[in-house]
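Next come two complexes, and both contain chain A; in the first it sits with chain B, in the second with chain C.
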Partner chain A sequence: MTADRPTGSPPSPPDFVLQAPSGAYLSLNPATKLLVAAVEVEAAFLVGTWTGPVLVLLLVLASAAIAGVLPRLAVIVAVTVPIVASIMLINGFLYPGAVDVIVRIGPLAPSVSGFQFGLQITLRLLAASLALAVAYLATRTDDLLSDLERRGFGRRATYVIGSAIETVPRTVDRAAEIVDAQRSRGLDTEGRWWRRARGIVPLAAPVVFGALTEVEERTMALEARAFSTPGPRTVLRVLPDSTPQRLGRYVLLLALVAMIVGRITGPLAVLP
Partner chain B sequence: MSLRLEGVSYRYAGSTATVLSGVDLVVERGEVVGLVGANEAGKTTLCLVAAGLAPATIGGRLVGTVHIDDLSTAVARPFELAQRCGTLFQNPATQLSGTAPTVWEEIAFGPRNLALPLAEVVARVEEAVRLLAIGDLVRRDPARLSGGQAQLIALAGVLALRPSYLILDEPTSQLDPQGTRLVGDALAALAAHANVGVLIVEHKTDLLAGLASRVAVIEAGRLVAGGPAADTLADERLPGWGVQPPAPVRLARAAAAAGVSLG
Partner chain C sequence: MDWLSRQFSTRVIVLMPIAIAINIVLGATVQQALKLPIYLDSIGTILVGVVAGPFAGLLTGVLSNLIWGYLLPAPIGSTTIGPFAIVAGVIGLLAGVWGRLGLFRSRRGESSSIPGAVVAVILVGALAVYTYARAYASPTDFQNNTGFDPATIDQSRIFFLLILVVFVALIAVALFLRRDVGAVYAIGAGLVTGIVAAIVSAPIAAVVFGGVTGSGTDLLVAAFRAGGDSLVSATLKQGLLSDPMDKMITSFVVFFIIGNLSQRFIARFPNGERLVSTSSM
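Coming up: the complex of A and B.
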């Protein structure tokens, strides 16, 4: 690891640690990416009925393509399919006060306005969740934490944020392991929906209880690694930032406030 | 200079059962002390108490005193203890920070917490990597390691804190024979050359036979035997305490029982 270091220079972390992410989106400061995502989430819900979510979706897909995370985004979209389906079905068939009912089937009254509303909600949720997903996929957790800590966030607060972010893939991995273990003991988790539903309890219980048990062990492990030492931690690499980005963040903060004002006072609400 | 437990009894928060009773144990700097016992004998609890994590972090009631050199664990803050006494837990997965993108940064987690100068952080990480011969793992994602690899990385993370004492709870439980030998050699080197005191819980008595200078036996929360490793590991009561003697001892006994002389 030290072979590439010039003789006499102080030890520095290896290149793969120091290497800054390259590319138009990846190289943005974590705070910038976080603010962009926040603005996108807000726009998806506050700007018009279709304009906001559609524009945000286009923007998010473009950023994902630039960042090279488009394929991983497809996985997230696939995961949202059950939620999307339930939103469409509930709103499409049970939309209250619909005057454009297509056909009545007992208590069900599928309507055009119901499906439209369902589609709107779906687009908003999809745009917001994908905006956050792109920021997550294109940011190293450690960089985000270092940046938050540099901006005055407490060590514990930043760790909780980082740990929560990393918990998602860890929990998915653990769930897959438990499914394998339960299937090897004869639990049927495939086939018809009721068989899948029946498999949820033996899956969820170990995942939830295992996560709770881990909390105490992790707390002890953190203490054993001097996590509660007062003061800022050593910074391994200088995070990318620039004056235009700093200015851009102020603009994004203004946009966050402006959208709320615009929605309340009307201009954003009247957009299609 | 030593790690000392004197008259230690302990029970967990919310429990009335005493898990440790009247434990006296000393680990001097530069020596390796093994701790053996059956499952639920109190080995892990003894480790937590010796490291000062119990009751400071997890609660419970402690009677007696624990000193790490001149520092009492009753008054020391956790980060002060961490610099003096490194602790490795049974489950390496929960010992990793979960936020580092590479193994190198995972090992640097502890030294960075201490806010050491960057050059010092680098030196400590590289030393731990060299000691455990894990150079080929440094670029890897810590979340994608095998159990044995994760155990080595967790140990490296502890070593990078350069503590005066190490408390290791089954540090080789997920390692293959080669990895076990590697850890044994590394610990022996730390004790001999860096004057580190090591308390190691192990079921692999063959490892302890070659590594530890003293071994203590714990049963139902009490230390029931202890002394030079060769003597304790040859104690005939060992199987009764749920501990398998090292292979040479078993071989000698089997030979004696069969009336065969091993010369």
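Coming up: the complex of A and C.
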């Protein structure tokens, strides 16, 4: 096993380490994707009333197509259907102070300005949430976290976010195990709802207390692995980055500030 | 900076993701499966705030909502949660302040529990009656105020009553069996937190969603608006229906959790010395 290990200049990572992604959007550094998403979200809310949301939506759809995540994006759009319908109906039919009411039916007064307002809020919401969704779909969570850690974002912060994301499904699984365990002791989980309701405490308490007792063990496990030791770490898998991207990120940071200034001083507020 | 880094010991760093998971899993169950007019999605946030400090609580709240809203896939994840991250942060921050003031400390046998019990009964009773009357008066009110299917009103009503029964039973255990007046302080802290949360969340609901969150309480907001209220005051009225009751229950549950974990475990957290009962030794 040890005899044929390659010698000389930097060994390539072993096979079980994932290779860096390729493709125009996918291969962008996670930090770049995150900043692009932040600029898009800000633009959706600050640039004009229609210009920003529409431009951002086009941009987001284009980058989703390039990254090949359009089908998965469609699922996210489907999830927003109830809220979009709700926004359109409530604003469309109950817009206060509307002068251009189309027809009056009892308390309902559908108005043109109401529907316009609803559409505008919808576009904003879609643009902002899809911008984040594309960045998320096109980036592996570990990649983003290890890249942020490399930039000095802090081991603690990256641990909290990474661990929380993986703890949620684990907690759901654990809750299912506890349901099975309690059922084997005779807890009724399939009868009428009022019988099931009696099971809330015997189900919720073990989930919460079980999770909390894990804290002690995990703390020791992390400390045994030098979690709070100061100083830099070496990384197994270096993510691609380039000078144009580095410059681009400074431009994006400037844009974040410029948009706030532009909105307050006026030029962005007067756009349609 | 020392006071800040002390809030984020390794132990707290390990607790935070677990607290976030508790928030999300319990919140999703209560709101999506049990269809209650309360949220129960800040037990973890308040727990971290109380045992670790205001900034750890703030961060837990903000991260819970951001992860819930943007990082988790659809069955659990929900796009309407994200913008309320600021509210969750304020809840955690306040919990940290209450923790620092020692409001969540067990006060076993410190003084007579009778005045405390009276205060607790009046407080809980008034708010429970208010929430119950507003949310469950009739199937139409149930639909208007919570947005759930009127057919599920009986089920929701029983779950709500059950939660109340458990809540009152736990208060009774705390006050009469353990003679622990600390519970009253925790419930009071929850009431203040709930009112602040309602005030902070109203403008967010109004600005980001035009008062509409797509689930639950939209029709109530619409009803208030049709009655001539401004957008912000309509959403505020909706918040004041759910938040105070919710945060009182949550704060008490956290108080109860802290009281039931071993004192050795609690004392190791940054705020531990203010949470462990001094007189029970």
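We adopt the following convention: the second predicted complex is superposed on the first by the 184 of 272 C-alpha atoms of A that agree within 3 Å, B and C clash if a C-alpha of one lies under 4 Å from a C-alpha of the other, contacts with A are read in each partner's own complex, and residues count from 1 in each chain.
As a working rule, a contact is a pair of C-beta atoms (placed from the backbone, for glycine too) under 8 Å apart; a residue touches a chain by one contact, two chains touch by 3 or more.
This one's a predicted model, so the numbers in the text were calculated from it and none came from an experiment.
Colleague: In the superposed arrangement, does A:Gly231 touch chain B (first), chain C (second), both or neither?
Modeller: A:Gly231: touches chain B, not chain C.
Colleague: Thinking of the overlay built on chain A, is A:Asp241 touched by chain B (first), by chain C (second), by both, or by neither?
Modeller: neither
Colleague: Is A:Leu125 touching anything from chain B or chain C once the two structures are fitted on A? First, second, both or neither.
Modeller: second
Colleague: Tell me which partner A:Ala175 touches in the superposition: chain B (first), chain C (second), both or neither.
Modeller: Touch partner of A:Ala175: chain C, not chain B.
Colleague: Quick one: is A:Glu214 in contact with chain B, with chain C, with both, or with neither? Answer first, second, both or neither.
Modeller: A:Glu214 sits against chain B and chain C alike.
Colleague: A:Ile83 contacts which: chain B (first), chain C (second), both, neither?
Modeller: Once the two structures are laid over each other on A, A:Ile83 reaches chain C alone.
Colleague: For A:Arg140, decide between first (touching chain B), second (touching chain C), both and neither.
Modeller: Once the two structures are laid over each other on A, A:Arg140 reaches chain B alone.
Colleague: Looking only at chain A, is it chain B or chain C that touches more of its residues?
Modeller: If we count touched residues of chain A for both partners, the winner is C.
Colleague: Return the residues of chain A at which the contacts from chain B and from chain C coincide.
Modeller: Common to the two interfaces on chain A: residues 141, 159, 163, 167, 170, 214, 216, 218-219, 222-223, 227-228.
Colleague: Inside the complex, what are the residues of chain B that reach chain A?
Modeller: 48, 51, 53, 56-58, 77-79, 82-83, 86-87, 89, 91, 94-102, 104-105, 108-119, 121-123, 126, 129, 135, 138-139, 143, 157-158, 161
Colleague: Please output the residues of chain C touching chain A within their complex, sorted ascending.
Modeller: Checking each residue of chain C against chain A gives 8, 10-11, 13-18, 20-22, 24-26, 43, 59, 63-64, 67, 70-72, 74, 76, 79-80, 82, 155, 158-159, 162-163, 166, 208-215, 218, 221-222, 225-226, 228, 230-231, 257, 260-261, 265.
Colleague: Would you mind writing out the residues of chain A in touch with chain C in their complex?
Modeller: Per the stated touch rule, the residues are 75-76, 79-80, 82-87, 90-91, 94, 96, 107, 117-118, 121, 125, 129, 132-133, 136, 141, 156, 159-161, 163-165, 167-168, 170-172, 175, 193-194, 197-198, 200-201, 204, 207-209, 211-216, 218-219, 222-223, 227-228.
Colleague: Help me check something: in the complex, which residues belonging to chain A touch chain B?
Modeller: Where chain A meets chain B, its residues are 1-2, 10-14, 16-17, 140-142, 145, 159, 162-163, 166-167, 169-170, 173, 214, 216-236.
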